[in-house]
Each structure stands twice: as structure tokens, then as C-alpha cells.
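Each chain gets a letter, A, B and C, in the order it is written, and its residues are counted from 1.
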Amino acid sequence: MSDHQTAIRTTGEEFSDMTDRLDTPIDTAVASASNDLPTGPDNRIVVENLNIYYGSFLAVKDVNMVIEPRSVTALIGPSGCGKSTFIRSLNRMHEVIDGAYVEGSVFVDGEDLYGPGVDPVAVRRKVGMVFQRPNPFPTMSIADNVLAGKRLNSKRFAKGEAEELVEKSLRGANLWDEVKDRLDKPGSGLSGGQQQRLCIARAIAVEPEILLMDEPCSALDPISTLAIEQLMNELKSTYTIVIVTHNMQQAARVSQRTAFFTIDGTGQPGHVVEMDDTDVMFSNPKQQSTIDYVTGRFG
Amino acid sequence: MTITEHRPAPLEHPSSITARRLGRSGHVAVAIGAVGFGALSWLPQGAPNWARWIIVTLVAYCAAIYVISRIVEGRRQALDRLMSAIVTSCFLIVAMPLVSLVWTVVERGKNRFDATFFTETMRGVVGEGGGAYHAIVGTLIVTGLATLMSVPFGLFTAIYLAEYGHGAKLAKAIQSMVDVMTGIPSIVAGLFAYALFELLFGPGTRSGIAGAVALTVLMTPVVVRSAEEMLRLVPDELREASYALGVPKWKTIVKVVLPTAIAGIITGVVLAIARVIGETAPLLVTAGLAQGVNWNPFDGRMTTLPVFTYYQYVQPGLPPEAGQDRAWTAALTLMIIVGVLFSLARILSTALKPKGLK
Amino acid sequence: MNELRSAFHQQLDEIQTGIARMSAGVTELVPRATDVLLSMDLEAAEYMILGDDEYDRRALELEERCFTVIALQAPVATDLRAVISAIKIIADVERSADLCVNICKAARRIYGHELDPHLRGVIQKMGDQAQVLFKEATEAYLNLDGVRAAALHDMDAYLDDLHRQLIQVIFESHAAGSIDLQVAVQLAVVARFYERIGDHAVNVGDRTRYIVNGWLPERPYPESDNDPPDVVTVPETTDD
């Protein structure tokens, strides 16, 4: 071995501590409430030829999409283009409005939510929802709010089971540390961001497979918004999440897949223009209207 | 250069944003002057006449404040002050009869406001003595029964209208009928109840329950109206949150909507009670008059406070002052009960209101 | 409150680490290239020339990551400077890897021609100094150490001196007849390569200072923080 090679080896050793640092894996552990991921159905949502009507008015037409399990899918688009209507059809919440009905199918784990004999109430236990304005039940304490979904479905809790569920759900919503000392106080004493996390805890306490979020951060300040986005990042390892958002940057930050809805004119039905991986949608979308929308040249 | 160096020189022309003001002391002076002027209205009799004094004072005050403000401050402020004065005057004029009424009842009712009045009945009493124990019991029983009947009917109707109705023809029809029912004259309700019981049990039937039925007819529309309002006030987002958790509709109403609205509903019920508790005409016809206590609402006449007051005033016996005193005290008792009910309504409203509801 | 935007910060960290790894790799490429040149090891030269594909691939992948971060996360302030600088640093590092390959190609061209000890000595010194510069730049970037980055300018000045020295020795050797014209020209180009590697290291250092506090060589900080800079003085660039 020549002197040079020895010299190179020595200088190589000098670098070893530097490269050791480079080889140390970055701490990727992001706190996740449930370390045991549920096995079982893959919670994939398949939407086929979905048309949503309010009375005789066609609000959303011809939606065909696949929503992958354990990921975040974002629905973006201008106001009034049917995103909220569509997301509500995924747990049959649009039926709360009289005269609303759909044609087409929504398959969850192979079962059509709109098949004959399907109970909408049972569907909503499987597909949970979080709304734009935080809406904790004002007559109930924080703990009761979390348990409301189960209690109102006549679940009887064994001793200690209730507290366990409250803690698990609040931890899952990144809210446990902030409220663990005041679980019996009403939920109204919390800030907007905390109330929204309480609503998320309430939704996941029912143990749904899919979580729908209809503009969950619109009513919140920027820091609370980021906290909810952080939470979404953690929840996606357990739940399939679909989020409607007005804020394109939010869709870019949190989602893996994005669908762009639009509307051709007032009175026209909303429809999907393009759906793709999020980084493609925001760097190289295929449709011109998508490009116009994400670059802000829309309208 | 510091900030103060930038300050501009004082204005040389009159400011467009400041104006002369009639200060607080000036305002008070005008008020006192008006009061003194009003005292001139005593001149004809030489003795204080409250009503005349107040009215003259108010008119004088309105005129004076306008004129003086016009001189000192300007046209706009003068007009402003005049309108405030007129509004205050109207309020005081309206309050006058109320104050006078309360004063009169208290002054005349205090004579018999004693233990005897509240513990004895009129059995065997012709002149002095006696009490309204039986009337108080009667009022409580009849009103209690009326509440027991009207609250369930009213509440369930309200739930139908607010939660299930939604523009259905039946809902619209019910709402129209409820509106009509709120306008029924109380004697008509009484005659209806009397006729109903006559049909069922024969002519001349008088009973506490018949009176309760008459009061129910009067109470139910009030309960329906206020309960429906309260239910509509519950925000839709709470219902949606409950549906989204997979809770059926009826359970949502029972466990979420009703508890949220309960404060307002209870307040509405209490106010409905306060409204019917003083009804005389229907009870005259249905429950009638008895001299002693009747604990059984299904059998026989039962005296209530308003009916007692009426008969004591109209048939006072000898000496008449004794009867009239008893009437005034009964009226005072009724007023106190209504006052307590209203206060209860306010307390309940605050206490039961969910903290989170905006 | 818990950490926010952890996924985003993780992406930034991964980009920084990826660049630092690449840069550390180049730090080891330089002495190997010097060794290839001085020991005339053709096999090693081939090996290194083929290995450049890996660096090109890695550079492209890191650049795409930067692109994705800008498109999806809308970074601002320090994060934005970090990502923009990362793109430029990737270019500097990848170019330096290419320069090492060029040194190996030059080694192939002068194969068979013996170099006198004086020449070898200066070449070795240039190689060592270029390596030290790159190592310092890598450490400065990895730790975001502006002070260390600033020191690179002086070290590069020494490298420039060595460059002038090497050119001088090449002339002398050629005049003395120990190397012919072809070899002399190749060696002069190699000298240039080493000097360019040093310049790239200095660029990495300058970009690091930009990430740390927005410092740019064209716009040095004014004397006082309160007074706005009224006159911008452009420093003399040491260029030859």
C-alpha cells in the first residue's frame, strides 16, 4: 500500500466522525396515539358515477374516483363547486337536507353505501365527520363530549373503560395534555383550535374507519391551523382522511392525493376536472383549468 | 427630528369638529326647573296631585330642553335631546299606572296580610275573620293540573313543528291553528270546558279538573309558541354533529337539542303559568266557588284566588269592609305569586343556560 | 404546544443531510483523484470516471426534492433561503465531482510520463488544500456555521497562491526538459481544476452564510443596523 493510500485512509478516518453524524438517522418518530395499526379492511373508497341532486337540481355530476386508504386526499376548487356536497355524500349527511338524493354508488370496502337496505345511521358510525365551525355540545363536559358518540348509541361502559376511551381519543387528537386537568368542565372554555381538536377526538372515539373533514381550519387562526395539520399527518396512519379545503396551500401541505373540482357557471353542476398525486397537481398538472386555478389565474 | 417636532401649528380658523356642549350641570338645572314648574299644577287644589304634576313636568321639560339646547349647542343636538326627552317621557307616563297599581294593591292588601288569612278558609265565616287558604290550594291544584296537561301537548307539538315539520302542509296548518288559539277569549275557553264536562258527566258539573282543562286550552298555544322558538334557536350545527356521530334523529332531539333548549323552554312554561294563573272568567264557569278546601279536583267545586277575589268584592257580607279587605289581600297574594314566578323564570333562564351557547 | 409542520422540517433536514453526504463524498473524491494522478493508476481512474453517474443521479434527485418542497410547502424566511441555497449548492458539489473526474481523465492522458519530485510536491499540496477546503465547506454547511464558512476565503487565497506556484513549476520543468509540452498543458489544466474545486467550496461557504443571515457577497452588511445602507461597496474580487 502506497503512502498516499495510507494518507487517504488516515484523512478518511478524520472524516469518520463527520460521516457518522451524517449516518445517524433523523428522528422520524412522530408521536402516534395508537401504535397498533388496525388490520382488517383496507378502507378504500371507490366512487362510481356519482350524481348528487337537490330536488330536481343537479349539484354534482359524474364523479368517479378512488380514495386510497390511510392517506389524506384533498378536494380543492372554487366556492360553490360542490366539494362540500360531495364530501357529505360520502357519509350520507347530505340527506339531512330534504329532497337530497344521489344516483350512483360509493363503495367502502366493497360495500355500496347507497345499496338497498343500508342504514344511513350505521354508515355514519363508520365514516366520521368534522365540520367547519367547531361544535362541541354545550350542555356536556369535555369528557362527555368525547364519549357522546358512544353514549348516545346506548353503549354501556364498564368501569374504567370510559376514562380509557376519553384518554385515548384525546391523545389521538393531541389534546390530552392541555385538558387532562379539566375533563369535567364544559367544552366552551377552550380556544377555537382546542375546540376543533375536541371535535376530532369526539369523532375518532366512535372508532370510524374514515374521517371526513369539511374545511376544518377555516374558522381557526394560523397556529391552530398548523396544529390541526400536524394532527392530520399523525392520524393518517390509522384513518383514511378526506378533506375539503379552500386553502390550496393547505392541500399542498397535508395531502398525498388532490382532486380539483370546478363549476362551469352558476346553475351548472360541479364536477371533477383532475385528480392526481399532490406533488404532480402542484408542479405539473395536466388540465389547463387546473393550472389556472392553482396559479391563481382563475377567473 | 423627534415626533413633537413634527406637530403642526395650532389652527387659526374655527374647528370643524368641535362644538359647544350643554354640560351635565346645565342639563340637571333644566330638569329641576321643569319639576318646579310642574309643581305649579298644584295651584288649583293647593294639594299635590301626582298625575298632573308629572305630566306638566314632562311637557315643560321637553319644551325647555329643546329651546335651551337649541340656543347653546345647535339645531342637531337640540333635536337629539328632544327625542330623548320624548322617549323618556313616554316611558314614565306608561310606568305611572303600573306604579300606581302596585302601590294601591299593596296599600289596601296589607290590612289582612296575616297568618289567619293564609291558614283559614271561609267556612262558616260571614263577616270578620276568615281566610283564603282554600283559594290558594285551589289555585295551586288547578294551575298544576293545567301545567301537567299543557306542557306535554305543547312540547311535543313544538318538537314536531321545529324538527319534523319543515314546510309540510300539516305543520303549516298546525301553526295557523296555534296562532288562532292564542287569541281565544278566556271565557270561550271556559265555556268550552264547561260544555265538554256537561256532555260527559251531565249538566251543572263543576270541578277543578274542568277548570284545569279550560286553562290548558289557554296555556298550550303559549307553550307551543315559546318552545318552538327555543328549539329553532338551537344551532343546526349541533344536530349535524350528532348525526355525523351516527346518532338517530329522535335520540339527537332528546339528548342534544332538548337539553340545549331546556332553559328557554322552562322559562316559556313558567311565563305561560304566570299568564293563566290570574284568569277569572273560565274558572267562574267551570270550577265555581266553594267555602272550604276541596282537595279532589274531580269532584265538586273548587275555589281559586281570582274567583275568591271576585266574590269577596261583589258579595262581601256584613260588614262589607271585611270582605273587601279580604279581596284586596287575595289580589295582593296573586300579584306576589306572579312576581315570584317571573323571578323564577329569570333565575332558571340564567342558571340552566348552557355556557357554551352563544 | 407540540411541534408543528414536523413533516416539512423533516423534508428540509433530509435535503440538507443528502447534500452534506454528497459533499462529504466529494471530499473523499479529491484525494483519490490526486492519488490517481500521481500514481498513474489507470484502473482506479476508470472506476472513478464511471462513478460520476452516481453523483449526477443523486444531484438530480436532491434537486427534485427541493422543487417539491417549494411547490408544496411554500417555505419562507430561513426555510426559503435554505431551499434556494440548496439548489445552488447541489450544482457546486456536482460540478466539483465532475472536476475530480476531469483530473482522472487528465491522468489518463499523461500516462507513462514521469513527473519530477518538485512537481509532484506542489500537486500534492494543491490536492490537499482543495480537500481541506471542501471538508471545511461541508462541515460549515452541515452545521450552518457562518464563521467557519467565512474562513474559507482565506484558505482559497492560499490555494490560489499554490496555483500560481504550480504554473511556475510547470514552466520551469518544461524549460528544463523533464516534461514535454503535452504534459505541461495537461498539468496546467489540472491546476485549474483544483483551483476551481476550491472556488466551488467557497461558493458553498457563501451560500451557507446566506442561509444563516442573508449575507451575500454583493451586499455585505452595513456598519450599523439602524442606518440604511446608502452606499454599497463591492469588494475587490481576487480573480486571475
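To be clear about the criterion, a contact is a pair of C-beta atoms (placed from the backbone, for glycine too) under 8 Å apart; a residue touches a chain by one contact, two chains touch by 3 or more.
Keep in mind that this is a model prediction, so the values were computed, not measured.
With centres computed as the average of Cα coordinates, no chain lies farther from chain C than B.
A simple rule picks the central chain: find each chain's mean C-alpha point, then take the one closest to the mean of all protein C-alpha atoms, which gives A.
One finds 52 Å separating the Cα centroids of chain A and chain B. For the pair chain B and chain C, the distance between C-alpha centroids works out to 89 Å. One finds 45 Å separating the Cα centroids of chain A and chain C.
On the side of chain B, the complex with chain A involves touching residues 166-167, 235, 237-248, 251-252, 255-256, 259-260, 354-357. By the touch criterion given at the top, residues 91, 93, 96, 98, 121-126, 128-129, 131, 133, 135-139, 148-149, 152-153, 186-189, 199, 202-203, 206 of chain A touch chain B in their complex. Residues of chain A that touch chain C in their complex: 2, 4-5, 7-8, 11-12, 15, 18-19, 21-22, 26, 28, 30-31, 174, 223, 226-227, 229-230, 233, 249, 252-253, 278-279, 282-283. The touching residues of chain C, when paired with chain A in their complex, are 1-8, 10, 13-14, 17, 20-21, 24, 27-28, 31-32, 34-35, 38-39, 67-68, 71-74, 131, 135, 138-139, 142.
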